[in-house]
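The chains carry the letters A, B and C, assigned in the order they are written, with residues numbered from 1 in each.
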């Protein structure tokens, strides 16, 4: 693998509460190569969005990064002063949020929000910025962009608004785009269009994508590699094909079992029994052990680290160690 | 837009008509108007003749119509207590109240919004906590106690500022008596204006703070930060404008409340305004003045409401498309 | 959906959370203690007050203007908080004054509460024109400050009452005026909850089998709104106490023969410039402490019942 664009090492994020400190992320490590699409999956509360927020430096206080490092193109960014981090946001790392209906300020036109973003990061005049903005809207597939740019967000449909959000995230040509469940709030009919637009534009500009979703189907179609999070820890990471076909972590296998496929010979979807533990009640040892049908003594005592099961493919499971 | 304005004006007119009905009922049925005009010795026959002459035996609708017609011309009859035309009494005192309300309203709005934004952006720290604690006391303090406290401190102990009256006034062309143009007039205004504005200021501050904290949690603010916009743009360009949309409505109503609360302030500071006139009328059951005051206050409220609605409409683009009446 | 049938357990959980949050809030504890002390002192005023300020035979005009903790130059009498212009013991007038302030405050809130709950239940359950009319009235009234409404009602009522009875009726007129100016908040909350509850299936079912609306409202809707009603009532009590004090201060409240805290402040204000500060200061502090404590209790209660609003 070439030098990674983004490198996350042992990231720990904690939320102090009145009844003790909650550890939302516990030692998560992964890389994203230039131009690569990394899918990040897991149930709600597994820490996917927190990872995204931590990378871009926008964890809501009182939450904080309690340990680990984040490197962007080899340079550490998790400890930058606020102004330096702000200069990276939007300029080098763009972000797309889940709900396009609430991501845009309802009181300002799309033009104003685009132009202010462009002019924050690029040295352009008002007029040039506007021309650039129209080009962007056109590129993300908004018809009659030159006319519609002066509309307010409520004039657009949900899918169109998410296109505007993508245009905003890509306004300053960032090297990395973090897309946090970009299609969850949309109609099923437009979901794949939005994913296609996002994927195409990023590919054309060579931008890497961190695609956060709980939809394995989207990952299978879009991502190069996939990372599976469970209760704030990395369960498995590897090339999409490998992980789907040869999942090593019982949790990942459970997730794969819940994707309906045409080839499946039995018409029953496998379901993992139980639910993910709450952050204040993570069991000792492997966080997954109470739900795991293969768990044994060691799983209840020691938390597993990531173990290579194949080239570029690792799983945090004691079973994987047994096999190698 | 035009349809919206027309609809609001018609609604306002209906509200005014209802208030006029209440005022008329007050005027006509509280006490016997005849009693307040004639002496004890007047015979029943004379009273009845007077009653007929004044039209008090006419059907209700005709009397009400006459009342509205007179009110539209500014004629609310003669004060029982002062034996002067009511409208004349009110117009004499209106400038004093309006100047007081204007100064304290503006101060309350500017300081309230600033303090609200400041405490919302700086949630921790000694100064914001102190402001919040002080505001809690400010909301609980009765207006008249604030006035007395200020008089005691600045007029009795320090002797810096006058404690009653308007000071020297200047009569402008058109009959408006202003206190703005003399130094004693301006000094006299300070304590009453603080008294009147303090409660509204704390209210606006707490409202702005709560609303702004709400806005700062929204997705579009998070997205604005994720786009790398400077804090100044995020806070004052995006958050503040969204905060002010709901604040405008309540602040507008507060402006009306200021005119009503002027009753208390004017009593404490012996300020020669409409509020003091009203309170004396309530004590003396001077019905024509009470009725006229009711109509006047309602008119001010309706006008403020109308302005607030139009402002709201101008600020929030969503209302221009969706049904503007959906506000409630 | 068994939660509607087990109010007992729910209430206990709710109660425990409240108790927990009370123990955790020093401000709430202090406010609670202050409010309790003033209420108890007011209730037992006849037992603990040094003198009865309304008993003319016990008064000596020579005692007038005696400063606190110092014997009077002529009579040698000494008063803890001084004596007022008529020689009444200030501490005793405060205790008796707080009694009247609290009586008017509690009665007015109770009146507003009953009125608001009934109006809210009827408006929410009946809907239609009853609802429309009641809520229009509420809207219009809400856009005027309640003190103005109270003043107007007070003025009108005085117009109807013959002058000879104005003094004796004043306190009841005051209660009605403040209560009428304050019912809207209750009505709105109760109406909202009623409409939510009305659409639930068990209410529909109960209606079908012919359970009377009154029984549905009392058994199922009312318990659900008691929390918010309590919060509004507590904050309303602070407002009512302030409203009474304000009206009495303006000279349109209780008659001077039955002085409330507001009346005492009105009297005391006349001696601000001549240096007899105690006549004003102590009643003012009492009113302040009472209003602040009740207000803080209401604030705390609102936060405790609805932590999301904090």
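In the analysis below, contacts are C-beta pairs under 8 Å (C-beta built on N, C-alpha and C of every residue); 3 or more make two chains touch, one makes a residue touch a chain.
Values in this document were obtained by computation on a predicted structure and should not be read as measured data.
Student: Check every other chain and keep only those touching both subunit B and subunit C; list them.
Tutor: Chains touching both subunit B and subunit C: none.
Student: Among all other chains, pick the one whose mean CA position is farthest from the mean CA position of subunit B.
Tutor: Looking at centroid distances, A is the chain farthest away.
Student: Between subunit B and subunit C, what distance separates the C-alpha centroids? Give it in angstrom.
Tutor: 25
Student: Once you find the CA centre of subunit A and the CA centre of subunit C, what distance in Å lies between them?
Tutor: Taking the mean C-alpha position of each chain, the two centres sit 55 Å apart.
Student: Could you state the distance in Å from the CA-based centre of subunit A to that of subunit B?
Tutor: 53
Student: If I count partner chains per residue in subunit C, which residues reach a count of at least 2?
Tutor: none
Student: For a test of understanding, state which residues of subunit A touch subunit B in their complex under the given definition.
Tutor: On the subunit A side, the touching residues are 56, 58, 86-91, 94-95, 97-99, 102-109, 116-117, 120-121, 152, 154-155, 165, 168-169, 171-172.
Student: In their shared complex, at which residues does subunit B touch subunit C?
Tutor: 15, 18, 26, 30-31, 136-137, 139-145, 148, 151-152, 156, 253, 256-257, 260-261, 263-264, 267-268, 278-279, 281-283, 285, 287, 290, 294, 297, 301, 305, 328
Student: For subunit C, which residues count as touching subunit B in their complex?
Tutor: Its residues touching subunit B are 139-140, 143-145, 147-148, 151-152, 154-156, 158-160, 238, 242, 245-246, 249-252, 265, 269, 272-273, 277, 280, 284, 287-288, 291-292, 295-296, 299.
Student: Within their complex, state which residues of subunit B touch subunit A.
Tutor: For subunit B paired with subunit A, touching residues are 218-220, 222-231, 233, 237-238, 241-242, 245, 315-318, 321-322.
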